[in-house]
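In order of appearance the chains are A, B, C and D, and numbering begins at 1 in each one.
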Amino acid sequence: MFNFRTSLGQAEFENPIFTASGCAGSGKELAQFFDLTELGAVVTKSIMLKARSGRATPRMAETPSGMLNSIGLQGPGIDLFLEKDIPWLREQGARIVVSIAGESVEDYAILARKLRAVQGISALEVNISCPNVENRGQVFACQPATARAAIEAVRRNIGGDLPIIAKLTPDVTSIVEIAEEVVAAGADALALINTVLGMVIDINTMRPKLAGKTGGLSGPAIRPIAVRAIYQVHEALPNVKILGMGGVASGRDALELILAGASAVSVGTATFGNPTAVIKIKEELQNELIAHGFDSLREAVGYAHRKEVNL
Amino acid sequence: MMGINKNASQVIAEIVSNKKVGAYHHMVFAVGELAKFAKPGNFVAIAVGGESSSMVLRRAFAIYRAFDRGTNGGLLEIVVAPHGAGSTWLTNQSVGFKVDLIAPLGTAFGIPTEPIRALLVGGGYGSAPLFGLSEVLKNRGCRVDMVLGASTAMKIYAPLDGKRSVSSLTITTEDGTTGITGKVTDVLPGIIETNQIDIIYSCGPMGMLEAINQIAAELGVVHQCAVEEAMACGIGVCMTCVLPIRGEDGEIRMLRSCIDGPVVDGSSVIWSSKRQIPEGTWGAN
Amino acid sequence: MFNFRTSLGQAEFENPIFTASGCAGSGKELAQFFDLTELGAVVTKSIMLKARSGRATPRMAETPSGMLNSIGLQGPGIDLFLEKDIPWLREQGARIVVSIAGESVEDYAILARKLRAVQGISALEVNISCPNVENRGQVFACQPATARAAIEAVRRNIGGDLPIIAKLTPDVTSIVEIAEEVVAAGADALALINTVLGMVIDINTMRPKLAGKTGGLSGPAIRPIAVRAIYQVHEALPNVKILGMGGVASGRDALELILAGASAVSVGTATFGNPTAVIKIKEELQNELIAHGFDSLREAVGYAHRKEVNL
Amino acid sequence: MMGINKNASQVIAEIVSNKKVGAYHHMVFAVGELAKFAKPGNFVAIAVGGESSSMVLRRAFAIYRAFDRGTNGGLLEIVVAPHGAGSTWLTNQSVGFKVDLIAPLGTAFGIPTEPIRALLVGGGYGSAPLFGLSEVLKNRGCRVDMVLGASTAMKIYAPLDGKRSVSSLTITTEDGTTGITGKVTDVLPGIIETNQIDIIYSCGPMGMLEAINQIAAELGVVHQCAVEEAMACGIGVCMTCVLPIRGEDGEIRMLRSCIDGPVVDGSSVIWSSKRQIPEGTWGAN
């Protein structure tokens, strides 16, 4: 029997295919296409302290083999989320990873406190790729100090053994440096990668196409960047589990991230093109792993790092 | 009117017909059972570009007509304007080619229970969903008038059999190549008054919908419109397709036009809010 | 009459479409498909001090809407290059931009001295996106100090008025910071962007596909990253001319970079798919500019930055 | 043998025929004048995936045959193995579809001036360029023997009319589904000795070429082979397709297989150097 189980920090999952934060809402809309228990976990859209309208439209632009988005974290705020979305997901029997985002270190602390007693959550994904209003809108994950501060705030307030997965941006000179910093600050696992900062200019209006000017690039276009980031971080921190993401649209793509070092894989943009992408990817991945002679997913994690023998 | 369209499903659908009509392509797909769930106002989302396409997102098209003819016979029709790479690719596919299609998606036009007087207004390919609607309205005993507008004659989509169910059809073109020279909004007030219109149903470019809404508001006519916002997913998970809508509680929210639309109450939309969040919107700070 | 002329630093060019360094050799191979004088300039493959074998193969992998390469700067070294390639290009009547790359600050100094007296060169593109052997192989353009040192070395040694175009990598936390640094160090113009660091894992061998493991991502996939970088730098340094590049495959793509702030555009990967891409792009760009009502290229440069009026 | 192929040009070529033959597709393109410049060993580079393709690079295919029939009638034939996304797309295109094609590219097999005894060895679709070559050699009065090998019968490409010009044809398959069970290299020494072979021409996977080269070296036979390295541009500007070759000056250089190949002198190649630069290579340090 093939063993598809995986873990991130102390959390165990039946299989390694998750949704990506912001690409599956809170699961409701996908539930009409498949059973959410089929997923390793539902990663919910990053939730903030207060309700947020998000950015003005246009919020998206298609790009070659990818897309740009600037949603601006639209959402109901943590209280309504805990009141409505979490109970619903629990009812479905889904494994839940809650993604949180803050505008200040204090936000992260409060969010963690609000979540510490909540039943039925498997892990916390801490999205630190968002602007820090206290530091000229600089993204937390862009500087070691702010990245550390945000994760420390969560660590101090979450208590118990809810694993913290720190989600990093690739838009830095050294992602390994940031990874080391957040692990030192208490992250149990890492989520790699968030979107890449990009821009599209509309040839007709001759202005940036998105109302927010810049946006996050996702989809197959960025997969080589994701694989590189995962490989580099796994090389430097082989014992820290990675939730990989970035352009995964097939089982082979997922396997690429796993061989690079990911213990689980989130699927984002591919769901927009195909609502059942996660299910297809999960099946294809299992077939690929078996075809390659693996007895378990775990054996394949980071396999691309093995020493070359008799070249 | 709001919420997930529980009837949506994903099928591999064969192209049964693909004909050029004026500036558009009228395309028919064999979709099986799901045809029976399609309501006027709903849309389909089709994957474009083939296997190794650089286009990762589906394209949305309003359903023109749907024929429920049992499991294997269900047909779904759309009208496509070859515009950019995605729609051009689609119109270039031949009969027999199979596409990945999700339908029916989104909200439908609300159908009155009384036999009222309806005016249907379409811009360009926006006329497509109106013919199915007029059929339904007529069957309910409504009087249906129709106004179609476009920049030029080639962009008026008004097939003969579609026109059967309307009592009057007025056409406007900006260049005067057919019908009255001008915009649909030039003729609306007159038609509304003459025919004592109770409700306007509209579909077309956002600017047109806004202008119609203003006339509807001024003349006190109910207005349901099918909006068209750029959509990444079409099924409610990406939050790209939002527009500001005032709810019954008075609160403005950024609602998803793929789930809470495309058909919305025109008076609830905060128009002219492109590139900015309207003041007072829920969660804006 | 439409004015297609442009300039970078003190150098003037008939039109803004250049080849990209490393994507057109020294022009010979393309010359059989079109006349090199049709180009704004030929940007030659980055040349180093000594002959170099480059990296082992495989050196490339196709990726969604892009490709990864790790050529490793294979080339004959500056002396042979000056003896053979430059005279040949001069004979063709081509405008020449010479790209140089070094492994140490001293390399850049020597390369500049070797080039200072050479006739027929319009500008120098200084590729500082290469590993600094004196600093743990860290890429010069990744740190403000090393980026500055390399450009200063060229500035001090080049003499005269040969413009220096500093070529930057997007793989940094703030490309504006690096841009400001190299301009302060004496760069007359900037080339944006070099490839993005990526990796592909071969599903069959289950190892990195490239012999050099990581490689540089290029092609349409990275265009949104290029547009963003150009836009950011032009916003911060509106008076510094930019040679833009990254995923340009059509006149519309070139226009996008120009509206973002590029005064000229290099075409790289598109040439691999189509040897006459540069000619097609040049024609399409001119048509686009005219269709948009511009009388000259210059008016369009950075046009996407104009203030919004009565929104 | 080295340098830019001055005859290369870029054309939009219509697919004239596309037939499945065993595991392969035999495809014919209308290429006009350039057909007359094609020599055995040259290759074509074809853009794949259509207008909005995510595949940005051309695919290279050895020229199987070329017919010069004047400006409009020139035909060029290739044999394609549907492998990944690019080749599969190509084999799926129908007659009448037009592709962007560059040809002829690269070096050709060197043709002896004397009527010598040649052995042509092909692996899989590597047999394709050998039939045109055998034709030329036969016309020069050479005796031509041929050995084709593959994993299985379906992967042997050996059309009837192609076989006309060879004196003997030996086939090997690893699974024994046709011909001798084994690899081409199992039968080579015997044939070389029996037929007193002067020169070997080969085309196929790199591992096979290397094994053939070893036999050729041991038995003192000249060996020209068409190598297959991953190519990004096919025209000499990207430096991805290099392999280490010892020049007449004794220096090893990383030469471009698209310009200084694909046909190279087997004895000049530093084999088994995948993933490392051979020691002593010019510019290595």
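By our rule, a residue touches a chain if its C-beta (ideal position, glycine included) is under 8 Å from a C-beta of that chain, and two chains touch if they have at least 3 such contacts.
Remember, it's a predicted structure, so these values are computed and weren't measured experimentally.
Report the chain whose mean Cα position is at the greatest distance from that of chain D.
So the farthest one, by centre of C-alpha atoms, is B.
Which chain pair is joined by more contacting C-beta pairs, B-C or A-B?
Answer to which pair has more contacts is A-B.
For chain A and chain B, what's the span in angstrom between their mean Cα positions?
That pair's centroid distance is 35 Å.
Which integer distance in Å separates the CA centroid of chain A from that of chain D?
Here chain A and chain D have centroids separated by 46 Å.
Distance between chain A and chain C based on Cα centroids, please, to the nearest Å.
The computed centroid separation for chain A versus chain C comes out at 33 Å.
Listing for chain A: what residues touch at least two other chains?
Correct list: 64-66, 219-220.
Enumerate the residues of chain B that touch no fewer than two other chains.
In chain B, 54-55, 275-276 touch at least two other chains.
Which of line, ring, star, complete and other names the graph you get from chains that touch?
Per interface graph, the chains form a complete graph.
Show me the residue ranges of chain C that touch chain A in the complex, using the header's touch definition.
It comes out as residues 63-66, 68, 142-143, 171-173, 196-201, 203, 206-208, 213-215, 217, 219-225, 227-228, 231, 247, 252, 255-256, 259-260, 288, 292, 303-304, 306, 308.
Please give the residue numbers of chain D that touch chain B in the complex, ascending.
Listed in rising order, the residues of chain D that touch chain B are 49-55, 85-86, 88-89.
Taking the touch rule as given, give the residues of chain D at its contact with chain A in the complex, in rising order.
Residues 54, 275-276 of chain D touch chain A in their complex.
Under the stated contact criterion, what part of chain B meets chain A in this complex?
Residues 4, 6, 8-10, 47, 54-58, 100, 102, 229-230, 232-240, 242-243, 253-254, 259, 273-277, 281-285 of chain B touch chain A in their complex.
Within their complex, state which residues of chain A touch chain B.
Contact set of chain A toward chain B: 22-25, 28-30, 32-33, 45, 50-62, 64-67, 69, 71, 74-77, 211, 219-220, 249, 269-276.
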